[in-house]
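I'd like to ask you about the structure that follows.
All chains are identified by letter, namely A, B, C and D, in their written order; residue positions are counted from 1 within each chain.
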Amino acid sequence: MIREQMKVLGNKKLAHQIYEMTLSGELVSLIRTPGQFVHIRTSSGNDPLLRRPISISSYNQEENTMTVIYRASGLGTKQMAESPYDTIDVLGPLGSGYQVNEDVKGKSMLLIGGGIGVPPLYELSKQLVEKGASVTHVLGFESARVVFYEKEFSELGQTLIATADGSHGCKGFVTNVIEQQGLIHADAFYACGPVPMLAAVEEQLAHIPGFVSMEQRMGCGVGACLACVCEVKDPDVPYKKVCTDGPVFRKGELIYG
Amino acid sequence: MDRLSVSLPGLSLKNPIMPASGCFGFGREYSQFYDLSELGSIMIKATTPHPRAGNPVPRVAETSSGMLNAIGLQNPGLEKVIETELPWLEQFDLPIIANIAGSEAEDYIKVAEKISAAKNVAALELNISCPNVKEGGIAFGTDPETARNLTAKVKEVSQVPVYVKLSPNVTSITEMAKACEEGGADGLTMINTLVGMRLDHKTGKPVIANKTGGLSGPAIKPVALRMVYEVSQQTTLPIIAMGGISSAWDVIDFISAGASAAAVGTANFVNPFVCQEIIQELPSILDELGADHILDLRGRSWMRHGEAAGHRA
Amino acid sequence: MDRLSVSLPGLSLKNPIMPASGCFGFGREYSQFYDLSELGSIMIKATTPHPRAGNPVPRVAETSSGMLNAIGLQNPGLEKVIETELPWLEQFDLPIIANIAGSEAEDYIKVAEKISAAKNVAALELNISCPNVKEGGIAFGTDPETARNLTAKVKEVSQVPVYVKLSPNVTSITEMAKACEEGGADGLTMINTLVGMRLDHKTGKPVIANKTGGLSGPAIKPVALRMVYEVSQQTTLPIIAMGGISSAWDVIDFISAGASAAAVGTANFVNPFVCQEIIQELPSILDELGADHILDLRGRSWMRHGEAAGHRA
Amino acid sequence: MIREQMKVLGNKKLAHQIYEMTLSGELVSLIRTPGQFVHIRTSSGNDPLLRRPISISSYNQEENTMTVIYRASGLGTKQMAESPYDTIDVLGPLGSGYQVNEDVKGKSMLLIGGGIGVPPLYELSKQLVEKGASVTHVLGFESARVVFYEKEFSELGQTLIATADGSHGCKGFVTNVIEQQGLIHADAFYACGPVPMLAAVEEQLAHIPGFVSMEQRMGCGVGACLACVCEVKDPDVPYKKVCTDGPVFRKGELIYG
């Protein structure tokens, strides 16, 4: 976990409001698992003040490069999108991501992403495939204009898109696609997206093991401020911290408020 | 060279820089970034008699040059702090300032009695100014009479000096400060957060689950500075100042306003190395200002030329 | 289309946007940028019985996302305002809100009596919250009893409705609001500035000649929003809100918090067209939020679903 | 007086912390006199919040270009210096500058500048020379490393430099140079610089007509907020506003605090 002025190698628009930033620096060598995130300072002044948590969507530890994919919606992410600077202040890698062990070999894995929850699944999928798993991606978006990385995911495995308005892929939610395509018999699932999606997926796939990646508003990003907590089912542990205990949790661990 | 050393009731500080309560946990996380022994002290997270789960989420929201928080005093409780957190902190060469909170006077007394007996706790910080809990907290910090009584009661049981943490959400901060002085406080820490709010644009509802939260960060620095300036002229108690500090120059400002030490809160979230960097930068600023010791600058905002500074170690 | 029209005591506003007192002079300067008739109203600079020279300079200092000012109520005095400034403003299709100030109750009464008789003055704004003058000002705004009495006295002589401008530098803003309500206020305007300070790094002395100044701008918005949220639930008086407003979304926030109109202060200095731009942007935001009228959003931060909004024209 | 997103044609370092920014836009066509200033917003966020008043150091109304010269010392001016953006938010032209009439012809004019008070004298000098005056410049700086535009001024007339530390030109203040070089017999003087310099120059040159340009901390820059006042000798006018009544005042008008 370091703080580094990383080099911005690229910052390109992928879809409506969606950008991909490629970064290089020492920080990359410290990444342990897909699903970890970085905490990015978008301004050199005090407005905005706080860093922005963004998942690492892929990384290359030989070249010390990584990419993040983000939606430029608010003050900070818009600054990122418009930044003409060639370095950016990054704190990370943070959190604990998805464990990818040798035992995934030969298994059929279901990767489920919603909106800007899709990015971390890309590195995960690459690593699963590399370790011999077969992967199916079900990616949900608002509409066609915000869809990204369809091609990249397709190269790794079957990729099904759902859009809320039906403008691309199937109309509906990821759970509709999983249902329709009979994907509930995967060996395990990995999900990242908005809380209602996570809750629905956990219910639908209650019979198989799974991992979910949570989002929460953050202060420090390192576990000190207790801003980012989420409720867990274990009665002895009232809260867990998304930034250090997560963002990836085991299925069934969390209470979705 | 001891240009930064400061001696305050109970606290022999190698430098006057410390993380503010609630912004550094019990130090574990930031110990990954640098050696905590470099700090003057650590103000640990508020401790209550029993574990507290804190408030529902979202607990933070961002504002212009500031942030709102309503953590709600989540903490593992007195027993765990004494058995686990404080012993862990013993590995560092540091006096600890234990921030204590509660819903009623009995809570404060109970925590004060026990925690002040811990080996490395050198002072207490009485948090009578937390705006984010339904009972207690800020209620103690906005009425002078209540603050005086609570201070006196805690003083009776504490084995270490007691600093009272003042709330800025009052008409007269000097009245509160004097009440604490009368109650027997050994020092003051100020300021806690200003009560504020952010609404979600779309729904119009408060972003923070607790509805209101405490405003911290650079946005509140002018208010904090003014309050330290006022209080330092009206009481003889030493002040540990906080509120928007994020650079060595901010520290100089608060010392100039009349504080004897400075705590850094929100800025740790922006830059985890901020306390370390401030400590490293201070000597060259003292050179620039021609000051031998940081406390030679104390109170220079209001002091007439030639008057002596104080609290130097 | 009257989606923006708002009717308040004495004020029939084509839209709820107006420059805040002291941040727009008497309108002359900004009339070079756009037609002032586009505004809902103008809150003119504080008027005192006699001309006031104001404070020495420097009078302003910048802070993170905010600024401090200590102008000290410089104004040409009641006579000149009535004879020159108000008649000049008659060319615009606008009700004027006259901000009045003084060092003692007699001053307020004198100005209120005379200025409320002016043709285009539709309401008074009682400035009992100016932090930058030695006497009067904020003193009236921090004690409920004094505020109630002053309000009642001014009400007696005023020919137009009276709005009282609240200071945020108090322990309980609702207590102050209720006192003004009891005194007979027709409405409230809030908030005035928070008392703050900036020091010169080199000398350690206050940057502002008056030493302390009033903090305004985006930095204080969370505090202002919280206060409007609290007061709007505790009184029935309409509120004209201010404090860090610099965009149409900021206006929506304050209406959601419970205000019926919004004033823009410091933001005029950053962007002289800001009021005009806000007025132009509001309709599309109402579209986005599915609101027919801006006051349909009033109080939605605290209102239970389905409750009705108020003060719609 | 307009607000314009002006094009940044150049932003070059002239000396230690001293930068010259070249701007183009409609605003230039509204400039009336040398000595007017613009109010520049250096950040798109709220930190810093206020604009920065900077004098127009030269302008070309045929090409709609102008330059400003500034010292990057604080938050806002540093942002200007580091700005990678190709436009900047400018409000202006503001204030009333130095009047340059036909009657300057054949006169010998003394232009006295101190530090970052030097820039507006450049356009003034150009216009005086153009109208047939002969000009002498006395420019004071802290030290050699912050001296700028010596060559540019030399091309218009005699140019004498004073530095406080003697590292360039004469050691001392502008008043020392004026004294030593017998320049007190000019037909008129024009001064811009720190208040102590203005006060000293007014005293030294009390016998000839003159104009001084004042600085004051500003809020609005347009005359509305009453932040920027200065005391004047006329007892009927307690204060004048630097931003609209000035920044240029007639000699003897002001009380220097």
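Methods note: a contact is a pair of C-beta atoms (placed from the backbone, for glycine too) under 8 Å apart; a residue touches a chain by one contact, two chains touch by 3 or more.
Since this is a predicted model, take the numbers as computed values, not measurements.
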item	value
Number of hops, subunit A to subunit C, where each hop joins two touching chains	1
More contacts between chains, B-D or A-B	A-B
Cα-centroid distance, subunit B relative to subunit C, in whole angstrom	34
Intercentroid distance (Cα basis), subunit D paired with subunit B, Å	46
Between subunit A and subunit D, centroid-to-centroid distance (C-alpha), Å	54
Shared-contact residues (touching 2 or more other chains) in subunit B	64-66, 217-219
Where subunit D touches two or more other chains, by residue	45-48
Chain contact graph, described as a line, ring, star, complete graph or other shape	complete
Subunit A residues within the subunit C interface of the complex	45-47
Complex contacts: residues of subunit C adjacent to subunit A	64-65, 218
Contacting residues of subunit B [partner subunit C, same complex]	63-66, 68, 142, 169-171, 194-199, 201-206, 211-212, 215, 217-223, 225-226, 229, 244, 249, 252-253, 256-257, 289, 297, 300-301
Complex interface listing, subunit B residues touching subunit A	22-25, 28-30, 32-33, 45, 51, 53-54, 56-62, 64-67, 69, 71, 74, 217-219, 246, 266, 268-273
Subunit B contact footprint on subunit A (complex, rising order)	1, 3, 41, 46-51, 91, 216-230, 238-239, 244, 257
